[in-house]
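The structure under discussion appears below in the form of structure tokens.
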Amino acid sequence: MFLPETEVLITRSRPKPRVPGALLAVPAIVIVAFVVVGGSAMVTAQSLGLMPLVGRPELSTAAYTAHGGDLLVGGGLSLAIAGTSTLLACLIGFMAALIMMQGRWCGKLVAAMSSLSIPLPHIVGAAATGLLLADSGLLARVFGTAERWPPLVGGPWWAAVIFEYAWKESAFVGLVLAGTLATRSVDYEETAALLGAGRLGRLRHVLLPLSLPALMTSGTIAFIYSFGSYEVAWLLGRPYPEPLPVMALRLYNSVTLTSRPEAAAVAVVTAAVSLCAVLMALAFLRKIPLWR
Amino acid sequence: MAVTLPPGLPREALRKDAARNGLTRSRAAGRILRTATAAALAVWFVLPLVPLGLWVFADRWSYPAPLPQHWGLENVDSALSRGAATGFAGSLALGLAVSALATPLGVLAARSLAFHPSRWSALFSALLFAPLALPAFVTVFGLNVLLVRLQVPSSAGVVLVLTAYALPYTTYVMRLAFGAHDLGFEEEACTLGATRGQVFLRVQLPLIAPALARAAFLAFLVGWSDYLVTVLIGGGSLVTVPLLVASAAAGTGNDGIVAVLSLIALAPPLALLLFAGMTGRRRPGARP
Amino acid sequence: MKSPRAVGSRALIMAAVTGVLFLSSCAAPPPAPAQPPGAASWEQITSEAKGQTVKLWMYGGDTQGNAYVDEHLIPAAAKEGVTLERVPVADTKDALNRVLTEKQSGTTAGQVDLVWVNGDNFGTGKEAGAWACGWTSLLPNMSLTDPADPLLSEDFGTPVEGCEAPWSKAQFTIAYNSAAVPDPPKTLAGLLDWVKAHPGRFTYPAPPDFTGSVFTREVLYSVSGGYAKVRLAFDQGAFDRLTPALLTELQDLKPSLWREGSTYPKSSSELNALYAGGQVDFTMTYGPAELTKLVTEGTYPATTKVLTLEEGTVGNASFLAIPSTSGHRSAAMVVANLALSEEQQAQKADPAIWGQFPVLNPGALSPEGRALFDHLPSSPVVPGYEVLSKNANPELAAAWVPALDEAWRRHVLAGN
């Protein structure tokens, strides 16, 4: 059905391809559209009471109001966790990228260490963090301060959860930034150095602006991921208040038959907040001159 | 002839020159600061892996002993008897399937976006990158019912959903590579009488090979590290290492088994990374 | 020409509308009582079962349980020509959830053929028509159980009605570190007093965790003056009358709990980890068999002992249920029958293997079967079932469970 429009757009100078060029994207589009559009439509329908497990479908917003207060608190908590960990990840990742792009042995060491955590599934990262930071974890054992060990796992500040996200995401941000800086910055930096810019000057006027787009992009990806991910907060968190994904999964798995629409409602709210975050990041990126 | 290097290619040569001419070389104080930061960062990245390394060999490690009381390989045996081998095979199959689907589809989509701009392009990009903005559990809640109703086998459903979540990464990496890709080479080859197959093998493939490897690795990781999609859509038909980790972590006294399973989860991607590093390619980008 | 943006939004709207139209035909069918598989004879069933594959979904956090199924039940099933596969889940609710999703979409060849289940999971599933019913009477080994055993005919107040075959019995057990608690309490009320006298040394998992949920029901019996005072069947009047005392008691307990009750372990395994790490002096479990292993391996202190309460504790049975969406009912029935056999029940009861209490009626056993049970070694930590189940209290009806859990979340967890 896209044929008539796309035919016109094929470049004349090249040998005529067998498939109109724009259609090359169609297989990927079909899969993504099925998952994104199909998934969103179905979850919205469930949240509005159109697909009950038992009984007749009936349009209602009851699922959204059933846990109104918890939904607000959970949303705030999720934002705080994702925001803090993303901020930490960006700071640490930026430092790591600066060290990595110096090359030499310490750059290589940091690059090697950070690529260790990249392929690790988050659930494994969470389990490892638990073994490290829990009340009876490695650090508490080594420092022998069990009685006074701060409540990092399951504590009021969600420290272990934030630590895990910041840990894995700082490696992600660092490697993305190092990749961007390595391809772009050497020439600029040399020029700046030739023109007499000092260390801080080079950092402020060359490296920071150069890495800002990549920092924003990777930071946004990291933020959305930690905002919508379940297993880390489930393993290292506390039972109340709950971040949105944990609340959604608890309701989804609850044995009460009315709780599925409520779980879907929490999911819809999570998706809406994620979408807002992405739109804000895009709006910000457009203002950055280096963004292509 | 001017050749535009894809941004993914190494610029080792340039960097070495820069270091040699001393313009950006730091002073002594700076070097100490840098070494200290590097050491701190190395500790930061490696610290959470330390308890895993210890627990693997801890046959007995009662609280509050700071180090294991008995060392041994019992945990490896227990992990194997819990189906670590099956889980490993499942994870590997899932990662490879997602990679095998998402990489070529990402190449096609990126080619379309790079060389065939149309009035659909904006919508295509928006859709292709939409999975990054939509937490997986949201789509899974909706798709679960749809997939079962359409009688899609559950393993296929997992691969399908994860492919959708890998496509933004593969498309992005390939789009970058094609952005720096000069169509002139292909046209010249055609003018010189090369067949389509020859153009593909001799011109296109070598130009995009590093990016292709990177894209394939990222897609592999999406499948390799997933937990929630495998559990909710797979519905147990597909047992992977993250599932085993979760179910072991839900029990008591399983720390050693969790550690063994975790190292199993780390091994293949690490081997791939090392291999990529040895063959001199730039390190792939990654997923959070 | 329209802008891509306009086309995009129109396409999205179209997709959404199509989706909703598609959905309106999607309401789940009303739960029909699942049919027994014809009037088949056991011979027919066993011959039909040959070559089929059965997926048994069970909680996967219990190493011994996994090992028992892998090393004993699966080989025995293979001898009957049935391929048995164990699917580990982090929570039995995952399995029920899968069945409900399959039910919601009307499939008849689902991924789940057998579930280790009981209590509210069973009750909810039954209410939604998720289980195949009326098949247990076909199992030859059902004759080894006592038809009058109340634990086997009612599962948390839900009549079993042949919708699940008995597998194991369990007794809620509180364990303590005798080095830290030299003079242990003898009643649950005594335990609560001990907690108030020793702040920070006790806590319980947050319901809806299974174990934490049982603990709140134990406290409900205690503050109500014994289980006889609580109507087992759920009714709102009894709930409204009895729960305020329970919630007040648990509120009062809060400041004396671990971390002043500002938070709770999310699961029994987190409580167990606290106990293993010496942060608390008590832990609790519905599967006392695990205590033996955890003490032997050094996870728990060697001074761990089982707390015996004068008024007894709650006991229950757990079952194997066949989902109505299973495509391999015959083979699942063969496995359920096998799991009830004297050999399998005796192996399962061995503390070195799993230590789960058998569901068989001692009077119905064959002499060989009796010998199997007589030769079982006893555990150095856990007393036998006869001791543990003395004065066993019945479980409340399944409908009580989510209601109590929700009240607890609202008033004790969220309330301050």
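Here the chain labels run A, B and C in written order, and each chain numbers its own residues starting at 1.
Everything below uses one rule, namely that contacts are C-beta pairs under 8 Å (C-beta built on N, C-alpha and C of every residue); 3 or more make two chains touch, one makes a residue touch a chain.
By chain, UniProt protein names: B = Spermidine/putrescine transport system permease protein.
Since the structure is predicted, the reported quantities are computational estimates derived from the model, not experimental observations.
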Considering only which chains touch which, how would you classify the arrangement: line, ring, star, complete or other? complete
Larger contact count among A-B and A-C belongs to A-B
Centre to centre, using CA atoms, which chain is the farthest one from chain B? C
The distance between the C-alpha centres of chain A and chain C, rounded to whole Å, is 36
Could you tell me the distance, in whole angstrom, between the mean C-alpha positions of chain A and chain B? 15
Could you say which residues in chain A touch two or more other chains, in rising order? 33, 38, 41-42, 44-45, 51, 136, 146, 252
Please list all residues of chain C that touch 2 or more other chains. 26, 91, 94, 104, 273, 276-278
Do you know which chain B residues sit against two or more other chains? 63-64, 119-121, 145-146, 246, 249
What part of chain B is in contact with chain A in the complex they form? 7-8, 11, 14-15, 18-19, 21, 23-24, 26, 30, 34-35, 37-39, 41-42, 44-52, 54-55, 63-66, 101, 105-106, 108-109, 111-113, 115-121, 124, 127-128, 130-143, 145-146, 160-161, 163-165, 167, 171, 183, 186-187, 190, 221, 224-228, 241-242, 245-246, 249, 255, 258-259, 261-262, 265-266, 269-270, 272-273, 282-283, 285-288
Seen from chain C, its contact residues with chain B in the complex are 1-5, 7-8, 11, 26, 55, 57, 59-63, 66-67, 70, 87-91, 94-95, 98, 101-102, 104-107, 111-112, 267-269, 272-273, 276-278, 290, 293-294, 297-301
Hey, which residues of chain A end up touching chain B in the complex? 2, 5-6, 9-11, 13-15, 20-25, 27-29, 31-36, 38-46, 51, 92, 95-96, 99, 102-103, 106-107, 109-111, 113-125, 127-132, 136-138, 140-142, 144, 146, 164, 167-172, 175-176, 179, 182-184, 186-187, 189-190, 193-194, 199, 218, 221-222, 224-231, 235, 245, 248-249, 252, 263-264, 267-268, 270-271, 274-275, 277-278
Name, in rising order, each residue of chain A that touches chain C in their complex. 33, 37-38, 41-42, 44-45, 50-57, 70, 134-136, 146, 151, 154-156, 234, 237-241, 250, 252-257
In the complex, chain B touches chain C at residues 60-64, 69, 78, 81-83, 119-123, 126, 144-146, 148-149, 151, 154, 231, 235-237, 239, 243-244, 246-254, 257
